[in-house]
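Order as written gives the chain letters A, B, C and D; numbering starts at 1 within each chain.
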Amino acid sequence: MFFGSDNTGPAHPQIMQALAEANTGYAAPYGADPLMEEVRTRIRDIFEAPEAAVYLVATGTAANSLGLACLCPPTHTVFCTPNAHINVDECNAPEFYSGGAKLTLVGEHDKMTPETLRRAVEGEGNRGVHGPQRGPVSITQATEMGQTYTVAEITALSAVAREFGLPVQMDGARFANALVAANCTPAEMTWRAGVDVLSFGGTKNGCIGVEAVILFDPARAWEFELRRKRAAHLFSKHRYLSAQMAAYLRDDLWLSSARAANANMTRLAEGLRPLPEARFRVDPAVNIAFLDLPRRRLRALKEAGAVFNVWAGSLEDGPEDEMLLTRLVTDWSLPEAEIDRFLSLFAD
Amino acid sequence: MFFGSDNTGPAHPQIMQALAEANTGYAAPYGADPLMEEVRTRIRDIFEAPEAAVYLVATGTAANSLGLACLCPPTHTVFCTPNAHINVDECNAPEFYSGGAKLTLVGEHDKMTPETLRRAVEGEGNRGVHGPQRGPVSITQATEMGQTYTVAEITALSAVAREFGLPVQMDGARFANALVAANCTPAEMTWRAGVDVLSFGGTKNGCIGVEAVILFDPARAWEFELRRKRAAHLFSKHRYLSAQMAAYLRDDLWLSSARAANANMTRLAEGLRPLPEARFRVDPAVNIAFLDLPRRRLRALKEAGAVFNVWAGSLEDGPEDEMLLTRLVTDWSLPEAEIDRFLSLFAD
Amino acid sequence: MFFGSDNTGPAHPQIMQALAEANTGYAAPYGADPLMEEVRTRIRDIFEAPEAAVYLVATGTAANSLGLACLCPPTHTVFCTPNAHINVDECNAPEFYSGGAKLTLVGEHDKMTPETLRRAVEGEGNRGVHGPQRGPVSITQATEMGQTYTVAEITALSAVAREFGLPVQMDGARFANALVAANCTPAEMTWRAGVDVLSFGGTKNGCIGVEAVILFDPARAWEFELRRKRAAHLFSKHRYLSAQMAAYLRDDLWLSSARAANANMTRLAEGLRPLPEARFRVDPAVNIAFLDLPRRRLRALKEAGAVFNVWAGSLEDGPEDEMLLTRLVTDWSLPEAEIDRFLSLFAD
Amino acid sequence: MFFGSDNTGPAHPQIMQALAEANTGYAAPYGADPLMEEVRTRIRDIFEAPEAAVYLVATGTAANSLGLACLCPPTHTVFCTPNAHINVDECNAPEFYSGGAKLTLVGEHDKMTPETLRRAVEGEGNRGVHGPQRGPVSITQATEMGQTYTVAEITALSAVAREFGLPVQMDGARFANALVAANCTPAEMTWRAGVDVLSFGGTKNGCIGVEAVILFDPARAWEFELRRKRAAHLFSKHRYLSAQMAAYLRDDLWLSSARAANANMTRLAEGLRPLPEARFRVDPAVNIAFLDLPRRRLRALKEAGAVFNVWAGSLEDGPEDEMLLTRLVTDWSLPEAEIDRFLSLFAD
């Protein structure tokens, strides 16, 4: 009954198989391995972006920070939501990689809107050399609370960015989950909607540790390569990154895994929604749910072996009936039976 | 006939096996996995350092840069040799991680001596606030040219460092190769000889990508953890780093692999040494040799399928008989037959 | 009729006289001049802090950024209000000097309260290594909107900081203005109330360009000196900084100038307050007022030669009667007659 | 008898007079003052560079670091001599401002040659993404040892730089001294000879503290402005920087002061050269001499009140007749009688 995160489950057998197959003979290091060529070609195909520069790193924070550093001079600021991973969960990595840029928080919610974005951008623009300069807009797709932006929404945000001459970066640690929840192509969700740089996640969706950074405009490709090396994220035995990503893309494993993760959440949410004690903050669009549950219930679930995160408040101290904000995450590997067992614990 | 590098061969089957075994069920992320506990205990045992802080990262550059950043404020300078990996092969990563520290080059050779170190340290110390401040001494063991420091040599270098109050970092990307070439314990080669922080390499010796950073004094452990996270080198699915390192340490795989790599070089060097055309710059102590060979010979070797690096000069342009500095590296996986085939090519 | 800022007026004649007097013969460079000794002694006396480390720089941004950098590791965050000078008017200088630290915004207003501070601090503390670590609290005294913190308020904010083990920095670009508006000693307003590091402004109060940084705990004095040099803010001909600050402190010039500036604002505010068209946002405590005035009036004032800043909105475009947020600043040099002339322009 | 440095003498009376004259009424801050307009126009005229971007800062380290930061990405390296001010006397400021770039030392002497430069540049260029990337060439004119580069020499160095596509920065802290020692125009010594960015010093030549940075190609002007602000080197009361530089340029004060300083050295050197005990390392081309003198003599000079720097060795400990490397500097303000008195001390 593991609902703690999508970074704690096992890697998909096909990923492991690919690693084993890659482990033969000598392979050119630092990204010159033949599997990387396959990855590059495949990603360009999938995204209908034959010119895109494609690179691999091992962590999502590296993907975001390197991508943003190519877009944001140190005197500028990145526009993102208050709960963006780059703001709350990367221990100042974007500031480090950019050489001291700032993050300007947009709105108060999990999703930015053209209105909140415009307000934030305008707020950073009237002090000449004195204030930080307007830099890239960073959108998380799917969001940290499990929501998604529609293509229309992304396009509208990009339009605001374009109006001010700002580039758009997308944190797609859960890009696959967002894509399968939508009815569109990868190109439509990214560069056709105005996205310049994408962190394309694999780690949370069945890989061991691999993320692609896709620069739809390759003009900064060499700068990216230098920054990656300088940040110690260029792997000598790169083939093992390539192998993961190649397997992830083959046979649409990335899509089927994301569908499985999302379907698990659907099953879970359908079981919880009718319960009066479970109050969803918002309907989960992908594989993450935020809902309030009574402390009493959460304790019982925990005692029964369920793993999850209480987002705000303490499981230990407080009234039995107090509602606590809780995060439940389902990954591709979660057995349906585990979900059903979890749901059955509510039947008391 | 692959003598190009020790970062291009396959991972050891025991490493792959360990990855497969680790790939089951859920595991706490970010280094809280049980395998990391095993790694920590094992490294403390091996190094007779029960208080040491032990962390894993995926690249040697990350290990060096993070370790040095904990020892070197941005207004200070690191003492290292001109050909140190941190100086020539990390694209300013130490400068990046430290926030702008400098590297002061010690002597002109592959190994520093107490005399060259003292001269360099004294040279950086008479300008008060104006010059960079003296920071850590960084020693590569084994060196970039395949030499090793004896325990006495390390102790003498550390004594100079201590005299000026400077900490000592060891780049041990090939630590295992150096250890098995010596007659001492891991503790004797490190903290007992004055080393404060060690990059303990796995990648070049049969792993996929894992290096341990060992802080013999754990006072800066939390700072290290913050810096690692900020640099995007904290892996969510950390168990796959732990599994590699755990397997690397089990059954002394790290030592047997290093012995195999060094023995391969011994076989190679013994075959080459009698040849008049092969002039070793120095006797290889581990698995790296630097020697001069005639351009004509190098071309023929290459045509026969041998892979190696011409370190200075062009294989293509120049007199047939010109001697070119060449690097040959042997890893653990190199078959003896390949060495013999390579040697047989000289019999013309 | 200059109400634009307190950084545009002339320097006080006593400051100019001191510069001229200092301009004789040779003087030891880099802060070793005798006048600096006078400054150090005098500041220690004024603040009843015989151990304090005292340094001079030429700009307020340098004073703040260097002081904060000594208190805030790059993995940490500074707590400040949204309109703090360090957030909106220093083009990421605190981020630069700290090596990539973050600013966490406290509350939504010009002054922080123990409650808003506590909420912000608590909000940054539950993510272990993932989020930025809690760093210093930065208070502006007087604030950017011309308000002041009472000693009791500063003490209450420091108490929150102390509870979490955080140091307190005070941006005192207008410290003199705040002090003369209060009924307390410099010590009471600073270290006795929990302030660790003070930017003690001179530039806005009659100097050419000089700010003192006072580290009440001298433990980080040498680090400050290194950071100042590295940031290119150590002056070779330092005596001209010393001379300014020495003259500023002699005969209580700093206090009399601040009293003059504040008195000018009192005169101005008393003239404006009765007017129905002038709506003060808050009562000016020092030499800065924020008030709403009709666009029509502002245009007429400007045409008559008055200089001021419209803080929000456009003077040119919009309805004649729309109220625009306007900032008026009075410095020590402003003639009373100019204030009266300005006020007379409202009599139409 | 002050021969310690050219940063310890008084400011020229015309500079002081200009400050006093500038101290009237209100002046737009942050470089928008009318005097800055005069400075810009005058520098463009002097350098025959009507498009050049011109900025003022208060220290030479700021001028160099900001100029270099605009030319050197953090993954690159600056080529300079081992004793360059940017290498030995700025406490890692270039590394700080550039965000972690490296300095690659060229040759072993005070002046670089096309050969030593080429060797250094070629040495940094064969490691792809692994090594630092080749960045700007920095030339000090006049050099730290009081030598100068001829126009032909600068042109030859620039030609090497251009061959590799590298920009050229000139540290002209003593540019005026170099210029008056040569027979050429400012344009010939800079942009016509291939210099892209010049630090044009005022501080060491009679000003209080002002340096111009001249970007002959204004493409990076806005970046410079942002970097200057972020580094806290944009002065609010900028008119006092402008006033110094304006006076420095008026009536060729910069040239006459430099001529006076150089003439003082000529008088000093002519008096010393015939003495057997005084051994010049090189003939002083401007206002700095490096020579060996016996410890006994140096002690006597010091006792008689002379101020100078012993560059290597200890004045106190050692044989009476040991020769010690000594630096003597003459500034514009040094009275001839002082020089003669100093010389008379050798007549024993």
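Here is the rule we use: a residue touches a chain if its C-beta (ideal position, glycine included) is under 8 Å from a C-beta of that chain, and two chains touch if they have at least 3 such contacts.
Note that the structure is predicted; figures quoted are calculated from it, not measured.
A centroid comparison over C-alpha atoms places B as the chain most distant from subunit C. A count of contacting C-beta pairs for C-D and for A-D identifies C-D as the more extensively joined pair.
If you average the CA atoms of subunit B and of subunit D, the two centres end up 41 Å from each other.
The distance from the centre of subunit C to the centre of subunit D, each centre being the mean of the chain's C-alpha atoms, comes to 34 Å. Separating the CA-averaged centres of subunit A and subunit D is a span of 51 Å. In subunit B, the residues that reach two or more other chains under the touch definition are 74-75, 90-92, 96, 99-100, 129-130, 133, 226, 229-230, 234. Across the interface of their complex, subunit D is touched by residues 2, 4-5, 7-11, 16, 19-20, 23-29, 57-62, 65, 90-93, 96-97, 203-204, 208-209, 226, 229-237, 240, 307 of subunit C. Taken together, the subunit D residues at the contact with subunit B in this complex read 74-77, 88-92, 95-96, 98-103, 105, 127, 129-133.
Per the touch definition, subunit D reaches subunit A in the complex via residues 30, 73-75, 99-100, 129-130, 133, 223, 225-230, 234.
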